[in-house]
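Chain IDs A, B, C and D follow the sequence of writing; residue 1 opens each chain.
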Amino acid sequence: MPRMTANDALTSALIEEMRRDSRVLMFGEGVATKRRDLLEEFGAARVRNTPLAEGIIAGTAAGAAATGLRPVIDLLFAPFLCYAMDEIVNSAGKLRYLSGGQFAFPMVVLAATGAGWGVGAQHNHNIEAWFAHSPGLKVAMPSTPADFKGLLKAAIRDDNPVLFFTDLALGFTEGDVTDEVVPLGQAAIRRNGRDVTLISYAKTVHTCLAAAEQLADRGISAEVLDLRTLKPLDEETVLASARRTGRVVVVHEASRMCGIGAEVAAIVAEKAFRDLRAPVLRLTGPDAPAPASFPLEQAFVPQPGQIVTTVRDLLGTRDVRDVELAGVPV
Amino acid sequence: MPRMTANDALTSALIEEMRRDSRVLMFGEGVATKRRDLLEEFGAARVRNTPLAEGIIAGTAAGAAATGLRPVIDLLFAPFLCYAMDEIVNSAGKLRYLSGGQFAFPMVVLAATGAGWGVGAQHNHNIEAWFAHSPGLKVAMPSTPADFKGLLKAAIRDDNPVLFFTDLALGFTEGDVTDEVVPLGQAAIRRNGRDVTLISYAKTVHTCLAAAEQLADRGISAEVLDLRTLKPLDEETVLASARRTGRVVVVHEASRMCGIGAEVAAIVAEKAFRDLRAPVLRLTGPDAPAPASFPLEQAFVPQPGQIVTTVRDLLGTRDVRDVELAGVPV
Amino acid sequence: MTPKQRIEALEQMLLIRAHEEAAVALQGAGKAGGTCTAVGQEASAVGVVMALTENDQILTNHRSIGHLLARGADPRRTMAEILGRQDGYCAGKSGSLHISARELGVVLTSTIVGGELGLATGVALSRKMLGQPGIVACFFGDGAACEGRFHESLNLAAVWELPVLYVCENNHWQAFVHRRETMLVESITAHAPAHGVESNAVDGNDVEAVHDAASAAIAHIRKTGRPYLLETVTYRLRGHYEPDDQSYVDPQELAHWRARDPILLLKRKLDGEGVLDAAGQQRMEQRVRRRIEEAVGFAEANPYPSLDALTTDVYA
Amino acid sequence: MTPKQRIEALEQMLLIRAHEEAAVALQGAGKAGGTCTAVGQEASAVGVVMALTENDQILTNHRSIGHLLARGADPRRTMAEILGRQDGYCAGKSGSLHISARELGVVLTSTIVGGELGLATGVALSRKMLGQPGIVACFFGDGAACEGRFHESLNLAAVWELPVLYVCENNHWQAFVHRRETMLVESITAHAPAHGVESNAVDGNDVEAVHDAASAAIAHIRKTGRPYLLETVTYRLRGHYEPDDQSYVDPQELAHWRARDPILLLKRKLDGEGVLDAAGQQRMEQRVRRRIEEAVGFAEANPYPSLDALTTDVYA
């Protein structure tokens, strides 16, 4: 099992899928410049630079997907998707349905986000929840090199538009990577535990794992669940774990209101209600744009210490009330 | 107290605020054509038609707002905001923060949405949750003519960008209207009750009220809470009611995943946990684009009968489990 | 155009007109939702679509009935779609605003103004990369030409050498705003050279002129593999949608264009040339009217989709 | 330009270059995040900004240091902002990519390519409606001219008669893509006529030429109240951001433009004309270097914002 970085794992998924299926092509601003290896292997028709215009990049992908190709587009940073919302949401997400099923949109939209670069909110904005809220789309957000590869392979093979967000801070993390396709819609238990379930995705999965270590030192057994795909959401795995531990904390970098954490909490509060032993808590980024200043940017993201404190409060008393648990360091 | 339609109430808010403050101006595709009365009273500089380009309309509003004007723009239908996301989210929502507080963006974005016209998902898509999830923005969505007027007045006076969504089906409903400004961020109890709290906004507030009538006939006392402003959300009123009744059903037309209902459910599950006597339920539109076909479009929206059934289930047993309560008619 | 083609063109234009008028009546009777008609623009649709071959594909927008019928759409199914019925081309889910008919090569209709412009490049890219013959005709309005996507689309098609025929149906109106309020130049083609795209503007109410210009444009595309912008200058004789009293329209301008009704012009010509006299035209109109009556009958009798269709075809 | 102005221009250009080089060094030392430098484009910034008056306003983008310093920004505060410190112009929240300085009239900087184009019309509308004197200069790149917003902005400014000086700094690169891969025409000004906008393209490495062209453009705007598009043809001598090895850049093209370094050109001219000789230039460079060293010292000593700044200034 080769070890590689998440970035390399993503590239290797692209290469394998482009070898496997000649309908797969890739384009975006600088794709052909930055991915010379792909350009050389697959040629200028399948690996393309584009003009600087996200809307037409996404629209072209949608039009091509509906008529026989399987495009992967790189829109660079998540906030740039704001220029391509019509093409992604109104076209790719809705025109299958509105046409009575005449078309399908097998396409993948890549974009990076998350803290780590000190570039501020116009490059770093976790908007994955927007797409989870919209019909006809799928959303994946990996936490490990193996999933960067395996989930991307599944996304490319899927017949629906898949938003594939990569957490900037994970790009150079290393891990074992196989050829396996990781099916969309399956969460992974990253650590088994009895007392509390920490539910997360992308970078903050590792924050949860670090917190679980610290909690273990204090005799608290935390389960860590990695959602991996945000839509479709693996309700079953979430509920099974929530029922087992009776306590849930959802952790992510995206802001709280109407985020993935809200959805997970709502599902748990509805469907695991009678098994809950404590309030469902969320630890998220604050309701603020991401700042550039390094220490502020770091403080934006939930930290292991906050998770530890939150879990201890949760276990110490069965009715933690009105504790403000926004992402601000405690 | 004059009676008027919601549409007229909205117009009267515009007129009063434009009289009050010469910095208020309005523009959009067809605004000067459709609002002749405003054009005549305030002149062509303050009531403008625009080229057909939502992005630059919103960008112009943001630029003007930051430098001394107070624009109100009409972007017609909510899905058209997909062309203006950068200007609304990345500029108006973030540039105050990213500039260290140098600028403010007092602007209002009007858009209609919701079932009723049979025009399908590219005109009808309830995306209010996107903006609630984004920093720096406020979101209002009135249910009564009085709020069409009073909330819009507050929105125009607010120093932040406010998304003001109007539910198409409410435009011609009539009600008493005063000159009162309805502050952003205050929910309203539309009906008092003891057994369950129905939480909603816009058109489905009336669905909840109709359901509450039917429930009353069966001896069930339902409280109906109208959120009115979605961001900032009036947590206090929500929690007080949830604690009083111990049972919450959130109802809206927007789709379920990461919607306002998810947020309300998550807040309740966290902060009113020990007072809850039953799972928190959501009744929402399905995870599908809105269809044009009339009966399908109607079925898209939660109906009183569904609310009644849901509440009776909730009261009949304390552990309603895994009941599928999506917007599909039961 | 041969005399036979001109006769065929008239029949198609009459069919479109009758279809639009039937839709207006249904709307007035409360049986159909709001609909955007293309009354007055029939020559543009018919002239361009008749110049296409079977291999070519079409993208259109909210004002699409002309393009669909000229392409051979069954009026029973377009009418059923407008009424939201199960046998409409989109199973009732589209309604009047985004009808596509894949079997006819009318793909990915969008009612987001400019939506079709964003998609057309991708459709053309598929044809090119999959080695399929044919070009892609993309219909849009003068209003859509104000959206930035118009430029992004033309530019990408030019840079990537995509076989797209951009057809701007300049009908002088953008919903409730006159074209002159939204741009300083008279012709949309003014934008073409800066994108490196060939272009031409033509009298959009003269079906022969449209057909000839479209044929030349298509020949250019087939030869060079490059995009082409054709502007058909026409007029929206009815309101933006139904109902719309057009109170904001300059009566003189409207009268001017009413006198240039493309059907009137073609009828006069065919009669004058002795190709089809008044009696023959009347017979044709009756035939067309019967077809539309039958279509309305079909559509009204056609059931609504079953409620489970609410959540089908969301995902592939 | 008077000899005095030319000397001032050189000092500003040297200041910008030294500032960029210091930022590069800080980035290399791991003390600053990624930053986009405008090395090679100093003449464009200085030539245009010197042609503005105090009443005028500026919108800029990710490559903004030239515009800021030419406008009189304090290098201590720009440097502090780049390092995310509390006394940066944006209290450290912007970092290098969206520095605005309201007190200098540099408003609403956006790092979304095209963002400034979307906002400029509104800033100009405020000036016009509030009866404020002055025009609005909006700086953007050749890449931004590929975004549809470029066209939407020009068109609205033309139709509404807004006093905007659009300055397209055509530096031949759009991040990692050469301009020739993204458009078929040689000059961005090709788009202006179809929007009804006056335009001109100028050698962007000749500060006098830029200054003269900008002055003429600004005079036109002040006289007519209408927008104007000025293209400054220049070159990005360093990579897109730091670090960037420029391995994708044609060495010949780079060498060609290195020989046309705007600072080199101006120095040679001033020396040749006897306005400022080599010794005078050296003294100037030392002065500038000291100013930048001091700015770096200030910035490095300046504290980070306190953590509660994380959630301040989200709402007004």
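Just so we're on the same page, contacts are C-beta pairs under 8 Å (C-beta built on N, C-alpha and C of every residue); 3 or more make two chains touch, one makes a residue touch a chain.
Here the structure is a predicted model, which means the values were calculated and not measured.
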Label of the chain whose CA centroid is most distant from the centroid of chain A: C
Separation of chain B from chain D, taking each centre as the mean of its C-alpha atoms, in whole Å: 41
Chain C and chain D, separation of their C-alpha mean positions in angstrom: 45
Length of the line joining the C-alpha centres of chain B and chain C, rounded to whole Å: 36
Multi-partner residues of chain B (at least 2 other chains): 50-51, 53, 55-56, 79, 82-83, 86, 90, 97-98, 120, 122, 135-136, 287-289, 291-292
Contacts with 2+ other chains: residues of chain C: 92-94, 98, 110, 112, 114-115, 146-149, 152, 155, 159, 181-183, 314
Contact graph of the chains (line, ring, star, complete, other): complete
Contact footprint of chain A on chain C as seen in their complex: 57, 59, 88-94, 98, 100-102, 107-110, 112, 114-115, 117-127, 129-130, 148-149, 152-153, 155-156, 159-160, 312-316
Partner chain C, residues of chain D touching it in the complex: 146-152, 155, 158-159, 181-185, 190-191, 193-196
Chain B residues within the chain D interface of the complex: 23, 25, 45-46, 48, 50-51, 53, 55-56, 58-69, 71, 86-87, 90-91, 95-106, 135-136, 138, 159-160
Footprint of chain B on chain C - complex, ascending: 33-34, 84-85, 92-98, 110-115, 143-144, 146-148, 174-177, 181-183, 248, 304-305, 307-311, 314
Residues of chain A defined as touching chain B within the complex: 79, 81-83, 85-86, 89-90, 93-94, 97-98, 120-122, 125, 127, 129-130, 132-136, 231, 233, 254-255, 257-263, 265-266, 268-271, 273-274, 276, 278-282, 287-289, 291-292, 318-319, 321-322
